[in-house]
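Just dropping this structure here.
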Amino acid sequence: MDFSYSDKVQELRKKLTEFMEAYIYPNEKIYRNQLNQQSDRFGSVPPIIEEIKQKAKAEGLWNLFLPDNEYGAGLTNLEYAPLCEIMGRSVVGPESFNCNAPDTGNMEVLVRYGSEKQKKEWLEPLLTGEIRSCFSMTEPDVASSDATNISTSIVKDGDEYVINGRKWWSSGAGDPRCKIAIVMGKTNPDAPRHEQQSMILVPMDTPGVKIERMVPVFGYDDAPHGHAEITFENVRVPAENIIWGEGKGFAIAQGRLGPGRIHHCMRLIGLAERALEDLCKRVQERETFGKKLSEQGVIQEWIANSRIEIEQARLLTLKAAYMMDTVGNKEAKTEIAMIKVVAPNMALRVLDRAIQAFGAAGVSDDFTLAYHWANARTLRIADGPDEVHRRQIAKLELKKYS
Amino acid sequence: MDFSYSDKVQELRKKLTEFMEAYIYPNEKIYRNQLNQQSDRFGSVPPIIEEIKQKAKAEGLWNLFLPDNEYGAGLTNLEYAPLCEIMGRSVVGPESFNCNAPDTGNMEVLVRYGSEKQKKEWLEPLLTGEIRSCFSMTEPDVASSDATNISTSIVKDGDEYVINGRKWWSSGAGDPRCKIAIVMGKTNPDAPRHEQQSMILVPMDTPGVKIERMVPVFGYDDAPHGHAEITFENVRVPAENIIWGEGKGFAIAQGRLGPGRIHHCMRLIGLAERALEDLCKRVQERETFGKKLSEQGVIQEWIANSRIEIEQARLLTLKAAYMMDTVGNKEAKTEIAMIKVVAPNMALRVLDRAIQAFGAAGVSDDFTLAYHWANARTLRIADGPDEVHRRQIAKLELKKYS
Amino acid sequence: MDFSYSDKVQELRKKLTEFMEAYIYPNEKIYRNQLNQQSDRFGSVPPIIEEIKQKAKAEGLWNLFLPDNEYGAGLTNLEYAPLCEIMGRSVVGPESFNCNAPDTGNMEVLVRYGSEKQKKEWLEPLLTGEIRSCFSMTEPDVASSDATNISTSIVKDGDEYVINGRKWWSSGAGDPRCKIAIVMGKTNPDAPRHEQQSMILVPMDTPGVKIERMVPVFGYDDAPHGHAEITFENVRVPAENIIWGEGKGFAIAQGRLGPGRIHHCMRLIGLAERALEDLCKRVQERETFGKKLSEQGVIQEWIANSRIEIEQARLLTLKAAYMMDTVGNKEAKTEIAMIKVVAPNMALRVLDRAIQAFGAAGVSDDFTLAYHWANARTLRIADGPDEVHRRQIAKLELKKYS
Amino acid sequence: MDFSYSDKVQELRKKLTEFMEAYIYPNEKIYRNQLNQQSDRFGSVPPIIEEIKQKAKAEGLWNLFLPDNEYGAGLTNLEYAPLCEIMGRSVVGPESFNCNAPDTGNMEVLVRYGSEKQKKEWLEPLLTGEIRSCFSMTEPDVASSDATNISTSIVKDGDEYVINGRKWWSSGAGDPRCKIAIVMGKTNPDAPRHEQQSMILVPMDTPGVKIERMVPVFGYDDAPHGHAEITFENVRVPAENIIWGEGKGFAIAQGRLGPGRIHHCMRLIGLAERALEDLCKRVQERETFGKKLSEQGVIQEWIANSRIEIEQARLLTLKAAYMMDTVGNKEAKTEIAMIKVVAPNMALRVLDRAIQAFGAAGVSDDFTLAYHWANARTLRIADGPDEVHRRQIAKLELKKYS
């Protein structure tokens, strides 16, 4: 288990860090201001992001997430981890490098399971950053933490599939550049439990696809990205839009979620690091009761616990990445489940301490803490709630002795 | 220490509960929709709230917070506690009964320390609910958890005072009905530590008063109420606008904060009760892995811990109220400090569990959980952060043995 | 809900506190030394305890636990609560006032359900403190947190019952004065779930009763009291020794456990108060890094949290006591379950902080902290583990909405 | 950062694991029984331990802790970590392999800082396991978490040093084989803060060395090892017994504590693993309320959290070991401080869950849980309490930004 950084990774870390300093952090407020000045927050995209993307692409900081050598950077999970962490320090970061969810997961699905035609039509413009995509899995009417509950139907009719259902938390669907959705639904409710479901490509402009609203997260609309509630009413797409084949939905989801989960964890570690950095700076500037906040024992305890928790979360994430690379996602399932529980909870604790140290400023939008907190809070739910992952970890542990 | 409800309180609880069922809960979405339809969220007030206020006033459910017999309901803190808890179950609740912060605290300041003229001009329209007010204490440039840090200046100049400074978290200042601010500042920086400060009445339309922006809380703007950042630039008000007298600011703040803190705690208990109720209902409706969520041991543990924590917080709040009524706010300072720490943290835990049980719906605005969470989170900071209160509790405890 | 102390209770509190100062605290080390000098720690009883008992009896501080007017002090649970708390501050306390478990529970069982003959023979010498008793319920071979698992058999044979089984955690059985056991077993394994069990009186000198060993708690043997593992092999007792009647075991247990649980909680609050007092004194005496430990923010936070948690636990215990007195143990079952969870966990946290503040001394026997901690730890298990109580609280809460 | 096991380590792990299965676990009860049968628990040593030691030595499983190639196995910290973890699974483990504290630390001090004469006389018999040693640093009269508080005096008098002071927690001094103490005291109270102290070798049979008592830990006497309180009254030793030189005490302590701390952490991870294993087995054997404990969601959550916490603690410990090996103990001080906080707290949580799952059996001596818990609890205090380590971590973190 070797976590050392190769020269290539060292080089990329350096470049990324410099890029963040030069183009990302200074543009966070500009991005927000451009967005706030739009008449419709979901109507267009702050121009600054496209400028940054061009710069990042020019620097070769592009599609680093994609392990595939042909389409992407060909980095292993372990190599990508420290890079993803750096990008995750800013909400503007991941997209700047074409490494943001859910596009990354969608691109990976297409690379792995897509037909040549599907790759041509949708993967290529996603890889260039020309279009964006969304992933429609969660449904408002059932507890989606149990994926077998999903009720959207995908019915074959001649050489088409007809899709009916209601989805929400289709993140990214608010973006005007979002052209394609990967939709999860049931093609055969009578098949064995894990073969009932399929994934299918649905262009956003297909008749019957209706964005009902953007669902806010703790008051944030996350424009222009957005978390859409979408109805699919008799939506017809060519049969060739099915990904991999009927009944493969669950298998693709499993394949998709492994790397997706680990990317989220890496980004969470990055934003926790940034919060701790912000906290350490702030408490050295402010005084109460005759001494600096940084001299208060309670605050020192927050700092120490934050450092401890971040280090541990990072090491466990690296281990999971290492195992995914060496023994595969399936064998690494305990580790993936563990970091999926650890990282968001760790980030929430670190962010909460930082918020408390910042006082009223911490809950405002003068700093990124409150927004990052809300973001991290969703990740205790998205891709399976903590409780489902803990249950799985326990079952695997118990199995050793039964 | 008798926590029994008198007949009067029993009767009021019954009336309030019925009122909440009839007029508050069903109008929460209407209130939000009316607000969302306004072109400027801070430009006017959803008409429904004034309708509800008229009904509440007609039912005698009005100004219950005010212990003064002449101006208010004449209830003790202990009597008001269970009523305030009921109102606190909804964000629309407190204002409906003219019992919302910071107006309650401001009215109490005027009843206790205001001149007859001040009462006539500002207290009376506040009591009728005709106008609203704000309280300008916290400053962005200093750690306001130590009140002696405050830097706004209030300088006598002939028969006027001239005010200069920058305040934020002046909650309620966004409301178009907000006509008056109570501003805290220093009249004499050379006086003893707790006699440097004064409070002064500043009409919102005084030249030099400028609302710079509304500060969001997590992603919520809390319109039309709002949390304003305000600059005071050479703002001149008549000398008679000073409250009680020069140097009395700290003393008034202490008097103001006792009841204010306990009201917040009561409301937090109410919203925690509502969250637990919502949680219990939801988990009986949803299924995962072949059984109802309510049959999952982990969720049962959440429910039990929530019930335990709510009960304990309520009892401690009642004790604090009882002591304020019987031995006075000063003698009750340990108890007030304790509930100030206990109630927000309790509410946050209960709400967080409910959010987790609701899954993605929990972080959205389909339910009140996420909004209430953000609201409760600020109360670990407002009126003194947890850490300052714990410090005070410890010092009082240590003093017993030194 | 009136928690005020009556004059009678005030008077008893004063007397008890003075008695503790005069006779209990100063004799704790003497008690231990006398015990340590015995050749067999279970062979006899430190003489000092009998001396103290005579003094307590002379002062009328005797059998205060017993609500029955004829046999005991006739105090309500609410009246007894603050007295029991005071006794609980010392491990020597409860027995000194004839108020120690399991004798209190056993006496109550006999008062409520015993025949006149049983009362004459066993209750009377227990009330005078002449003999001691034990309660044999828990079994090593099954998870006794589910009482229906119990497997000891009690079989009618003519005018005798024959008992076979293995029990442990028969606390008090080590005491040479222990003359009688109340044994729980099954008289009819085919009866409905809660009517299979009976309780029966078994004199300790009955042939076939064999104390196998004293089970330690962490490293404490709790001599001379002791926690015995006992085998019952063809033990024959007269049929009249059955308590109340066949099949009543579960009902008696329920009746027994309510007050028993609340007494434990009161005592735990007492020992937590003492730990906090010890902590506050110690940290004002010791210095590190140039300042007193009491000036360290982290330690102040421990003190504040301890005070907060003790206050809340006490109020909830008083509420449970009040409800037991007014609506009965059955209606008070949520409250009893809640304090059964709250009090031991609270005490463990307070004690753990005190141990940490005392450093190495805290884990030693120079202070009572480590011993009290071990004692409190067993109370998260005894009389039902936390998890079973939380489960019950949740079910009662869920029932409100189903 | 490469955590992979070399072939040598793999081989040693296999041998150690087999040895534990063959000779350690089966002999734990024999060891305890032999000890209990001794008339004086500190009078002699259970013969079984010397038998096991001979076997371990024969197998080459001896002095693995010692990085020195000449005297020991020459393993790095990273290589030793997984081996130490295995030994730590049993209380009998470490001594069996001559790898128990405080002998390991003392041997390391002698290897690094001892004179040839000191090595000859004391190191060699320690390395063969012929004699044992103790380390006298902590004092009952001062807060020893601040090492500069230490008050024992070491005064030069001709070619001797005269030692006066009172020490406690001199662990291992109870063992009849303990022949030598390393004593920390002040040779020059007027020197700079960290140059006042020296370490000196004091044979246990020197006149004036008096073992006052053995201090228990949560009721455990830890015989025959023991934690002694020792008075040193005009104890005279040759001047050549000073280690390294006057004023080097603090520097040696720093050098000694790094590896000592990490060994403790490795052992704690081992005993946590064993507790989790025991827990997983137990809950599959016991039933309550109609299902196996292992099917209860709450218990599954305990298992998952335990696995998560163990993994994270192990990775952080490996990182600390790796850094000690590569950049040195001084550069690794944040990491050493972090694991010193993490490992005991992790082990306590895992053990506490296991105790709760075992019910009454968990607090008894039928299993190793309660004893291991008490042991782990001391390690939140020994070698510096958590709070001192957190303080240091915070200061190092803050320094990055000041």
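Details
Each chain carries a letter (A, B, C and D) given by its place in the written order, and its residues are counted from 1.
By our rule, contacts are C-beta pairs under 8 Å (C-beta built on N, C-alpha and C of every residue); 3 or more make two chains touch, one makes a residue touch a chain.
Owing to the predicted nature of the structure, the values given are computational and were not obtained by experimental measurement.
Set against one another, A-B and B-D show the most C-beta pairs in contact at A-B.
Look at where the CA atoms of chain B average out and do the same for chain C: the two points lie 44 Å apart.
Put simply, the C-alpha centre of chain A and that of chain B have 37 angstrom between them.
Chain D has its Cα centroid 53 Å from the Cα centroid of chain B.
The set of chain B residues touching two or more other chains comprises 296-301, 387, 390.
With chains as nodes and touching pairs as edges, the resulting graph is complete, every pair of chains being joined.
Of all the residues in chain A, the ones that touch chain C in their complex are 296-301. Against chain A, the residues of chain D that register as touching in their complex are 1-4, 276-277, 280-281, 283-284, 294, 297, 299-301, 303-305, 307-308, 311-313, 315-316, 319, 334-335, 338, 341-342, 387, 389-391, 393-395, 397-398, 400-402. On the side of chain D, the complex with chain C involves touching residues 138, 140, 142-146, 149, 168-169, 215-221, 286-289, 293, 296, 298-299, 355-356, 359-366, 370-371, 373-374, 377-378, 380-382, 385-388, 390.
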